[in-house]
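For clarity, chains are labelled A, B, C and D in written order, and residue numbers in each chain start from 1.
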Amino acid sequence: MVAVTIWNEFRHERADDAVAAVYPDGIHATLADALATDHEVRTATLEEPAHGLTDDVLASTDVLLWWGHDAHDDVDDAVVDRVQERVLEGMGFVPLHSSHYSKPFKQLMGTTCSLQYREDGGTERLWVVDPGHPIADGLEEAIELPKTEMYGEPFDVPEPDRLVFVSWFEGGEVFRSGCCYRRGKGRIFYFRPGHETYPIYENDAVQRVLRNAVVWAAPTKGSPRTFGERD
Amino acid sequence: MVAVTIWNEFRHERADDAVAAVYPDGIHATLADALATDHEVRTATLEEPAHGLTDDVLASTDVLLWWGHDAHDDVDDAVVDRVQERVLEGMGFVPLHSSHYSKPFKQLMGTTCSLQYREDGGTERLWVVDPGHPIADGLEEAIELPKTEMYGEPFDVPEPDRLVFVSWFEGGEVFRSGCCYRRGKGRIFYFRPGHETYPIYENDAVQRVLRNAVVWAAPTKGSPRTFGERD
Amino acid sequence: MVAVTIWNEFRHERADDAVAAVYPDGIHATLADALATDHEVRTATLEEPAHGLTDDVLASTDVLLWWGHDAHDDVDDAVVDRVQERVLEGMGFVPLHSSHYSKPFKQLMGTTCSLQYREDGGTERLWVVDPGHPIADGLEEAIELPKTEMYGEPFDVPEPDRLVFVSWFEGGEVFRSGCCYRRGKGRIFYFRPGHETYPIYENDAVQRVLRNAVVWAAPTKGSPRTFGERD
Amino acid sequence: MVAVTIWNEFRHERADDAVAAVYPDGIHATLADALATDHEVRTATLEEPAHGLTDDVLASTDVLLWWGHDAHDDVDDAVVDRVQERVLEGMGFVPLHSSHYSKPFKQLMGTTCSLQYREDGGTERLWVVDPGHPIADGLEEAIELPKTEMYGEPFDVPEPDRLVFVSWFEGGEVFRSGCCYRRGKGRIFYFRPGHETYPIYENDAVQRVLRNAVVWAAPTKGSPRTFGERD
């Protein structure tokens, strides 16, 4: 059992009927249902004090999932710094979809994390390019999503340590959709699927990826990180 | 000026009228024309003594391009070993298309280099996923090839040091089409395009990639590789 | 419990009293004792039929440790090919010390795997440079070995996917002593310590590394590796 | 000729006679002399308006060297953001020694960039672990520096794209002293040597590394980085 905290901006679902129809209790609730079968799950949202990410919550989180889109700038820098610090100490971090532009992901990557996009509801096929990776455990050779927002290259991130998924889009684009990084002792997995107007987090294979990612990103013990002056 | 040797199996062109119509003087001749504007180019083919790759030829080659398909097994292991040795000493190596299955590439990678394929003549679009790479110098954001054989993932190679191109295929697949490796002092660039029945090596952007790859793969001086017992 | 097979050349111990004094039952027996606390362990040696590595043994091995030195050339190429094949299918592979020159490691790396060495019995200190890596679980910041054979750079291997240990040697050299690779679905961990004339495999921290490495290198399920023609 | 800007904090040299004795005109002046043989060199220091790094200066800089130690916090965040932006656009960045803690390096890495240190004036030997790298062009197998401040692992940076140097220290430590990264279109080379109280930048081999690094880090043309909504 991994201690998972799912963070959601939780704005679209309350402001937009089309989104509420897909995720009536919020994207975080759907994600929580998908993970609770295997893991110990809490949720946190933007409007809570400290965005629900107090020092206590972060200190007891093994893996933090993050979904944001419209309100990236409303996330407090002190919370962002604390998330970064916890990742370097070993907490796993799984930014989803439009969270490529979230403050913690950009701060951990050191790049703009920009990309191309088109909201056309076309088909996406995520190919596993690293079939030996534990995040691919139990998948078929590809995951097909009938309606998605397109994300296209170039994706301004550091070259991933391991690239697990590459997406094919009906409209003619490709995207590195599953990117693994280590920063400090922490593991980071960016996973592309998940637009607010499509029920992508209801997809079985997507849920499988998320459960696998939580296991992969969970902290390991490692050895001491001792810094500073040495005798 | 880089000293380039272009190696071609040169069987399809002599056995198959459809191929001869596309590459009447052999694939190597078309590649030589594409590179001779910038580089000093020689060619070598399977039927020559030592497949045209004598020790003298290899010793004076900065970058070796390789095109093979039907006759991989006819390549002499001693020549393969000498190619590998020269790469480790610094010679660049650029296997093209079906040369993913060539002996020197497999021997340098240590994997099967297997993939999926379908000869359907569909459209391919090669996206630059690393726009800062010198092999992408002067390209647009993608290269479109109207008719190609499809190659699909998984591609059983080591994770590339740098991934430059990812292909989108009309039929629904993706492929890591431009993969950079270093082995010893040598640089290796696997580049996917180039089926024998399509005039892909006449394409301006493909030719640009090949000229860039030759510059990128050319040996640099480096420092000594001293091995063995040390005082 | 991981199914471990420990392969040992087992020649020095029978031919050289100084080695027999350190490893009276063979290096494989000492390694087996170190791993049997956590894992299911078998051993195999050069003189057995198929070197003890029959298809059945390899098929039921999760992780293969390898110790060779004097008799690399006596290992049958068919066995080497089968080891490589099993690694690509997912079997873990942990070559130790002088096994940098073993046939399976060289075949999987595609390089000479050469290095510098000096048998001077000086002190080695292995620094953990990746304290977040599971192979470092439970270690101190460094492992000190009072008497070792020195290995020095350059080490002619592909740049590791992850570098876990760098050794400092009393005589003035450094070495990348813990190198992680993935090839196909399989995980490879080269670990430097272990000369036949020093009781290095009795060291608690070294044993801890080996137990960790076995867990890290164990196969994971992943997704299908389907190759060949596609409809 | 590469357009180089050398940035120096320039405080120690004016406040401390021992430093002034080693670098009477400032570390930047010594670095400028070392590079001016091959490149077009400007210098900039902390006390100048915009720290000497106006938009015009940065826009016309191919490669920026950076030396800071005592005054990292005095560097204006707007300048740091502009340096980061220029690196992502292609400008090379070469932080030296204590600049591991500089704001632009930390912002580009996304980690603390912490390490261990001891100012003991012991000997350092930098081993080339990647003899095929252009930054090693013309070097011997190692660079020996008779008196240095020690830096020890762990070094909290992302795993380098290429590791060129590993240092051995007389006192028993090792350090990854030459680390290559790409971020966006820009190349970054962290190089450890260079304490203010030792004449390390007068060392011929160190100067050779710096000249090589400037050539390696210079921008290449690449292909467009187009972001945002796509038709």
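The rule is short, and it goes like this: a contact is a pair of C-beta atoms (placed from the backbone, for glycine too) under 8 Å apart; a residue touches a chain by one contact, two chains touch by 3 or more.
For reference, the UniProt names are A, B, C, D = ThuA-like domain-containing protein.
Fair warning: this is a prediction, and the values are worked out from it, not measured in the lab.
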item: Third chains touching both chain C and chain A; value: B, D
item: Inter-copy rotation, chain C to chain D, in degrees (Cα atoms; steps of 5); value: 180
item: Centroid spacing, where centroids are CA-atom means, of chain B and chain D in whole angstrom; value: 35
item: Chain A-chain D separation of Cα centroids, rounded to whole Å; value: 33
item: Residues of chain D touching at least two other chains; value: 128, 131, 141, 152, 154, 159, 161-162, 173, 182, 184, 225-226
item: Residues of chain D touching chain A in the complex; value: 84, 88, 107-112, 114-118, 150, 152, 154, 156, 158-159, 161, 173, 181-184, 225-231
item: Chain C-facing residues of chain D, complex; value: 125, 127-131, 141, 152-155, 159, 162-163, 166-169, 172-174, 176
item: Chain A residues within the chain C interface of the complex; value: 90, 128, 131-134, 136-141, 161-162, 182, 184-187, 220-226
